[in-house]
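As structure tokens, the structure follows; a few thoughts come after it.
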Amino acid sequence: MSGMAQTRPAASAALLRESGAVRRVAAEALGTALLLAVVIGSGVMAERLADGNAALALLGNTLATGAGLVVLITIFAPISGAHFNPAVTLVCLLRREIAAPLAGAYVAAQCAGGLVGVFVAHAMFDLPILQVSAKLRDGPAQAFAEAVAAFGLVGTILGARAAAPKATPALVGLYITAAYWFTASTAFANPAVTLARTLSNTFAGIAPASAPAFVAAQLVGALGAHAVFGWLFRRDPSIEG
Amino acid sequence: MSGMAQTRPAASAALLRESGAVRRVAAEALGTALLLAVVIGSGVMAERLADGNAALALLGNTLATGAGLVVLITIFAPISGAHFNPAVTLVCLLRREIAAPLAGAYVAAQCAGGLVGVFVAHAMFDLPILQVSAKLRDGPAQAFAEAVAAFGLVGTILGARAAAPKATPALVGLYITAAYWFTASTAFANPAVTLARTLSNTFAGIAPASAPAFVAAQLVGALGAHAVFGWLFRRDPSIEG
Amino acid sequence: MSGMAQTRPAASAALLRESGAVRRVAAEALGTALLLAVVIGSGVMAERLADGNAALALLGNTLATGAGLVVLITIFAPISGAHFNPAVTLVCLLRREIAAPLAGAYVAAQCAGGLVGVFVAHAMFDLPILQVSAKLRDGPAQAFAEAVAAFGLVGTILGARAAAPKATPALVGLYITAAYWFTASTAFANPAVTLARTLSNTFAGIAPASAPAFVAAQLVGALGAHAVFGWLFRRDPSIEG
Amino acid sequence: MSGMAQTRPAASAALLRESGAVRRVAAEALGTALLLAVVIGSGVMAERLADGNAALALLGNTLATGAGLVVLITIFAPISGAHFNPAVTLVCLLRREIAAPLAGAYVAAQCAGGLVGVFVAHAMFDLPILQVSAKLRDGPAQAFAEAVAAFGLVGTILGARAAAPKATPALVGLYITAAYWFTASTAFANPAVTLARTLSNTFAGIAPASAPAFVAAQLVGALGAHAVFGWLFRRDPSIEG
């Protein structure tokens, strides 16, 4: 999520066949797979151990996700930018920092990687590999929370890039740590993660019926952040709002 | 809270009409709004999940607030200094680092932003937008705790500026993490936050009747820190105390 | 674990007799001893206090282990590379960053140090010094989880070296923090640690009968990471995969 | 605790009357006072809220102490070295980094500051200011744990100075976070803190009868670390052990 500017506008569709594209797309797939293994796996572990206390379960889930994100973004950012998130890739596309074909490949890799990560988590915990979540997360308040979550996530990334680029992995990890608690939806904030979590009937799952509203809200929030923080963090101080 | 020196004494009342002032005031409003969304939202989530255990509820509230502060201060500091707190703005004014009109605009933006943040949190959790807290936090011990909390917060900011300016966001986040637990009042330490929290009858709320003593104590603590840490961290070593 | 490149291929078997080897091996022994004291000690403390809640026990164990790792790796890395882990030393050997005799001495020091650390923990908590764990951790899912844990650990180390070498201690600490929760086996990820933990019939113990499968899985995971991340993080961008 | 080298051997007894000594001693007193306010205050808060669960109480106490230490050491280190601990000052004296008279003044300031901090915590929580702890912490295992705790603390400080001086505050905070859990005594590791905690009959207190063995063990551990880590982290690589 940190290195959105890894791929320049000049790099057009040809990039996919060029040196580096394979490694970039592989990094997005592997990184998102590991992210989902962390999210789903820690949710299963935390719920199993928490003896029915949902706050304790969310604490374990939060700790693992926040810590894991810092690691994954740090090590994959120099290769692919470590988006792991179609909403982030979309914002990069709008900012002309990634070419459309590569962006498309990123999104496909994120979605596929996320599913693999869910399967890995299930295998580690001796659960059926294929599952469908029955956990409804419905209603306008949940959707609004997802919009806020994605708004904050994209704002964090854009702000980090402007203020402290090297701290981006830590800031994203801290943001998600906070957002697991301050948003009513526990901050999915990521369409690929939302899709993957529909296939896990565990602590971190979401019923497929609830997913479309989540994804729509995430895109609205991301686009809102693109507008608001794009103005706030723009580099040219001569154009005053 | 980190970049108190963003606006220099030379910048007088005219600053409000100058390039940058709109963006600065907007940053204070948006940053304080997001801070309150984090504080109130994570308080609601934590209390809902904690099954009556107040330590667990405070753990979730602390984790989210500390992590959120690091993010918000990092990304908004280059724009407005990331005060988010009238007591901090007051100390900046006394140190002649901000002009009085801009300081006034900051305080207004902080108070207004804080209220919006509370409303956002309520909307995310499907609660009535307008509420009034019934949680009394009274007595001299609570007021003393608030004075200590604000004393420590301003000391942290002044000390960070002198010793490790780039670490200011992390240090403020860590300070509040500690202060949620070591002060009996859970460290509001911020008049705008106190005002906003009167309008939330949730975990992090405070009854309006208890607010004036909190705000007064916060100002006393901040002014005390201005005196004590101003002496301790002054730059000129030739004038010995 | 951070400074795998401390000893160069050029340094051959003679290294053991050379200046520095004694200190390096001593650092591996002392560091691994302190690591085990932290792992076992915090497990005992957490289980004693947690009143039967396994999530709380794992939280305390996680917090201590993650924090302790950051400290130990930071201070021992300049001396020995702070492997503390035969799987990490093996990967260094394959990468020709350490000579075989020194690698052998490292592994012996790690195993011996780990045992001493377990004894120290038992002495601090007034437990019988010599114990054998009765906690079975069996089955293919547990073994798969260990392979994933070691894969992620070695990936973290190789990625950190490529992307942010100075952040290696923090990243390893964060990785283990996450892995205690997202892997079903609570991420031993270390043959020397596994061996040592067979001799503690406490929270963090593992029955000797379960250890061989854990160690084998750890080596498989480490070798897999050596292959995958070696390709992903290789420095020469002209050779495209 | 980070800047042990702030005062050089050349600075003799005259230092106390020289420019800076007043400020240094004041920093030790104020810093230790704030440290004790954090330790005692968070212990009271955590125990009150934890509903009888000691692991939760220790979690809150740990979080606050670790976070608070990072802040206090960062901001006071440039002034006094941020010892806050007679065992650390003793090691500095042995390393000839502080003159004996100033070291004496440091220890007096630490002890006095610690008492004031305890009183501040009691006042914040509306408790009797003067108390005596009835919590016995006896036996050889507890004393051994304290020796290990102080050994690790001094090792952390000496190692941080050699490997990553700027990270010292974070490393000490992380060490104490770990040591609250991995040592059976919850790592007092500090004679001034031990003395102060005898005067608080709360979560973090210690009965006066238990204090002498703790202090003796702390000094033994600190001197052991001075010997072991002094050899391990010495700068001259030509003298091989």
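So that you can tell them apart, the chains are marked A, B, C and D in the order they are listed, and the count of residues begins at 1 in each.
Everything that follows uses one rule, which is that contacts are C-beta pairs under 8 Å (C-beta built on N, C-alpha and C of every residue); 3 or more make two chains touch, one makes a residue touch a chain.
Just so it is clear, the model here is predicted, and its values are computed rather than measured.
J.: Validating interface symmetry: for the copies chain B and chain D, is the fraction of residue numbers used by both over half? Same or different.
T.: Comparing the two copies, chain B and chain D contact each other through largely different residue numbers, since under half are shared.
J.: Once you find the CA centre of chain A and the CA centre of chain D, what distance in Å lies between them?
T.: Each chain reduced to its C-alpha mean, chain A and chain D end up 41 Å apart.
J.: Can you work out the whole-Å distance between the CA centroids of chain A and chain C?
T.: 29
J.: Going by the touch rule set out above, which residues of chain D reach two or more other chains?
T.: Where chain D meets two or more other chains at a single residue, that happens at 53, 56-57, 59.
J.: Throw together a list of every chain pair that touches.
T.: According to the stated criterion, the contacting chain pairs are A-B, A-C, B-D, C-D.
J.: Once bound in the complex, which stretches of chain D touch chain C?
T.: Chain D reaches chain C through residues 52-59, 62, 66, 139, 141, 144-145, 148, 152, 155-156, 159-160, 162-164, 167, 171, 174-175, 177-185, 228, 232-233, 237-238, 240-241.
J.: Would you mind writing out the residues of chain A in touch with chain C in their complex?
T.: 19-20, 22-23, 26-27, 30, 34, 37-42, 44-46, 49-51, 53, 56-57, 59-61, 63-65, 67-68, 70-71, 74-79, 120-121, 123-126, 166, 173
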